[in-house]
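By letter and in written order, the chains are A, B and C; residue numbering begins at 1 in each of them.
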Amino acid sequence: MSNSLAITLKSSVVKKQLIGITGLLLCGFLVTHLLGNFLLFVGPEAFNKYGHALTSNPLIYLAEAGLLALFLGHMGLALKATLENKAARPQRYYMKTKTGRGSTIASSTMPYTGAILLAFIVFHLQGIKFGAVYNVTYDGVVMRDLYKLTFEKFASLPYAAFYVVSMIAMAIHVSHGFWSAFQSVGFWHNRYTDSIRKAAIGYAVFVGLGFSILPIYCFLTGAN
Amino acid sequence: MSEKKLDSKIPEGPIQEKWDNHKFSTKLINPANKRKYKILVVGTGLAGSSAAATLSELGYKVEAFCIQDSPRRAHSIAAQGGINAAKNYTNDGDSIWRLFYDTVKGGDYRAREANVYRLAQVSANIIDQCAAQGVPFARDYGGYLANRSFGGAQVSRTFYARGQTGQQLLLGAYSSLQKEVSKGKIKVHTRCELVDVVTVDGRARGIITRDIVSGEFQKHAADAVLLCTGGYGNVYYLSTNAMASNASAAWRAYKKGAYFANPCFTQIHPTCIPVHGDHQSKLTLMSESLRNDGRVWVPKNKDDTRKPQDIPEDERDYYLERIYPSFGNLVPRDVASRNAKAQVDLGKGVGETGVAVYLDFKDAIERDGKDAIEARYGNLFEMYQRITDDDPYVVPMRIYPAVHYTMGGLWVDYNLMTTVPGLFALGEANFSDHGANRLGASALMQGLADGYFVIPYTIGGFFAENTPDGLDENHPAFEEALNESKSIFEKLLSVNGTTPVDHFHRELGKIMWEYVGMGRDQEGLKKAIEEIPQLRKKFWSDVKIPGEGNQINVELEKAARVADFLELGELMARDALDRNESCGGHFREESQTPENEALRNDEDYCHVSAWEFKGVDNSPEKHKEELNFEYVKLSQRSYK
Amino acid sequence: MSNNNMNLNLKIWRQPKKSAPGKMVDYKVSDISPDMSFLEMLDVLNIQLVEKGEDPVVFDHDCREGICGMCSLMINGQAHGPEDRTTTCQLHMRKFRDGDTIVVEPWRAKAFPVLKDLMVDRTAFDEIISAGGFISVNTGNAPDANAIPISKENADLSMDAAACIGCGACVASCKNASAMLFVSAKVSQFSLLPQGKVESSERAVNMVNKMDELGFGNCTNEAECEASCPKGISISNIARMNREYTVGSITGK
């Protein structure tokens, strides 16, 4: 790798662009994940068959590897940026007040909401993907009964509550991240930038609510 | 007084051909040899930055010095209105000749014709150069440059970048400077102040500087020294100059043999925000363009304490409109300023202090609507409100004149060289092309003309006859000058008195404003010449400067500058006393027409007074440069 | 003087020199007129200190009319104090109340080391400009200024960006001490003009790389810089610079 390429890849601009682009791709993943989740409302069979179709496709390993790379890239670069940012101001202010005209709760808490999401993902994978295996058979095919597992998990109030809290954190995180990615790649237009900001809020509300409904629904209906 | 003649080195020939002839006859330096010459540029305003960048582009070795943390902060940055150029883009009859004529007349016939003509000639190149550097001048919808009229001119020749023209031009020159820095061809010394000029066999060979952060004194040798250090308006303490603007570089040069020309020529700008209290540190200018729509008035009755809104129309005196029916509120700066003072002296001043007049936009708002006025002056109204907390859309502005620019400065010949060979002065630091009064939007033009288009040619002529001789900082003259400089600072620190520097500066300002301000008379000037040395003596026995010299010591820096102002102020008073005529910004009460207008005396004073230093406590010696007006006929200005 | 005058408590950062540690020190000033500027209030404090033979508080300032960019100061945790679009020198004491405690600190960033008290070293900004913040034109090369028409819209946008005074409030207010707003203002000013377009991407790359090298932080698009900027420079300039950088780093040598 030539020296100038190394500088370019390490530059603050490219770093932010990569964080933005990986973030946007992860946003795309969230939508597909959420749409899949909504099959839960259709019924156990639809939900389990969908899960089985996904996991039995050999391409899933490629997709999972890609997803993992996106996560690791996004987190790694964000961690690096955060550490550099701390180093850029070695001596803290005695008093620092926000202007109230710039940063938002979302923008100023990105590293924290990001950390919550990381914890959540570990917990989520461990509990569901690598969680208890129940089997069910449809049309002679044995597959995981993820429907049962989901209801079982969300029967616990703390478990469901943790999910909801994490999903609120996620909504906050993407409400800034979504539009910020456009800014980082250099998209700014008087006509569209305002719409992107609004779209970011809309998107955040959609995924935030969408992912929160599931644990709430499961908790309420499963407990009965 | 000596009648010794100063050689201004004005080239031969008709005025239109002088500059071209001179450029052709001036010897050139081979490009390969240019790098053997070193030039020190002191000050990085318009003149300094443009000169440093251009000379470096030509191949000379350049070092630049500024007292701020960056060259970009020089006070040229604060110029608001614009820059004149004889482009005639507006097709309204402008020409080099007209700009030349207006400038000589506006300067009340106390400028050198040949210099002014050259200034008008290169003015158009300045705009081209700045546009190429990326200065975002105002443009019209077709994409071409916009112009506006300014300062009494009858043509629209002023180019502008919103109300921040000085800032944009300076940033353009600064970016050129940084371009050369990036090539390693200029070294910039920031937070570094000139404390002495070093001469060897009568020729300037370098400077001594003090690093403001470390307090260290340094020697710099060179083949030529350019002083681009601005004017000396801060001698009045309160002025529109920046806090650090000072006369020290020019003054130390004066003490090393450079003559100081027309020191009494100061410009007092009529539309400034008035002084509000004892702790005020500086005055803020409001663009002169406000007088296009604002009407100036005072109450007819003395000591009228009513609110301006409560004073009925027939009890107001729109004195400029009354006295000057044809020019009205648009009389030149010096006339407007003097009349404001006259009203205040009559006891008709307004505001809490009684030292202000009203500038009222009520009629303009009724005529054109608030929106139109806001579009024209919105940023100025905002600035006024921020400072005074009054809303000028509702309450008339209070304004009063303030010291703004100094036309006087180091005497230079046509090549911009002072009477010390190898020492040049550019921009406001020289006695300049503005005579006794500068027209609006001409200061930026002169600074950049000197730096971009004059000095790069004329310095070659000097170098052709003064080839590099290997002299460096090891020459004993440098050690001597350094020790002398050190001893001045040590002396200041050793006084250990009881009174802070600012007190002396403020006292000096009061004397200057009272006796060497807008109206001057023999009695007052004599008083000033008596009081300033007394104050100086008190300063040297009672000034208090805490701390040491080997670190950042703001009080010490200020003290060194005030010490120089305390000498310069006296010279200004002497020059004002000597010039027993009124011209431009210099108004002698003894010399006025029956209608109280400035009365020139061309018989006895059609000359530049250049003063030679003869010791701090001795009278300086006056030398005359006679001014010949071959192309613009001498006449009395009238604005009735 | 009016009887609206105030007595104030000040908490000011004092640091004798670059290498020495500093601390917050309490001072009192009295009889402060609401018409004074913030810096004139500090002048009053300094006269008090000098009369007592103490070292006055060092702070940068020069034009005192909001254009030179020399003044700085974090006032009660905000760059240039609480008033929108106002430099410290144009901030007036009428924004404060009798008895207030005002905290005054220097800009803090690794790239802006404190020289003394409230004075910081901003030469990093000059270094960034000399990395590419210019148009490579020598004196004398220029064609007639009207030879290249520039749309009014672009000229105005360029001027919006060019209004930057280089004070460093963007860095000071940014939680990451990033200089993106400053750099992008210069990149934008030139990239919007045909004269500057020629070397626009190369300029963005060189200036950003220099900024990174000097230890400024990364931009996280929070816009505190825009909110604190006394000249209201928009973060749309940062987007424009990001674009120029991308083009430059892909197409550059």
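Methods note: contacts are C-beta pairs under 8 Å (C-beta built on N, C-alpha and C of every residue); 3 or more make two chains touch, one makes a residue touch a chain.
Note that the structure is a prediction, hence the values are computed from the model and not measured.
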Chain-contact steps, minimal, separating subunit B from subunit A: 2
Between the pairs A-C and B-C, the one where more C-beta pairs touch: B-C
Far-end chain from subunit C, centres as C-alpha averages: A
Chain at the geometric heart of the assembly (C-alpha centres): C
Chain centre separation (subunit A, subunit B; CA means) in Å: 63
Gap in Å, rounded to a whole number, between the CA centres of subunit C and subunit A: 37
Rounded Å distance, subunit B centre to subunit C centre (Cα mean): 27
Numbers and ranges of subunit A residues touching at least 2 other chains: none
Residue numbers of subunit B (touch at least two other chains): none
Contact footprint of subunit C on subunit B as seen in their complex: 50, 53-54, 57, 68-73, 75, 77-78, 87, 89, 125, 127-145, 161-162, 164, 167-168, 171, 174-176, 178-179, 181-182, 188, 190, 213, 240, 242-244, 276-277, 279-282, 284-285, 383, 386-389, 452-453, 456, 498, 500, 502, 544-547, 551-552, 554-555
Touching residues on subunit C, where the partner in the complex is subunit B: 1, 16-17, 33-37, 39-40, 43-44, 47, 49-51, 53-56, 58, 60-70, 83, 86, 90, 92, 94, 115-116, 119, 121-123, 125-126, 129-146, 148-152, 155-156, 158-159, 162-163, 165-166, 189-190, 193, 195-196
Residues of subunit C touching subunit A in the complex: 11, 13, 24, 74, 76-78, 84, 103, 105, 108-111, 173, 175-178, 180, 205, 208-209, 211-212, 215-228, 235-236, 238-246, 249, 252-253
Subunit C partner contacts - residues on subunit A that touch it in the complex: 4, 7-8, 10-17, 81, 84-85, 87-104, 107-108, 110, 176, 179-180, 182-188, 190, 193
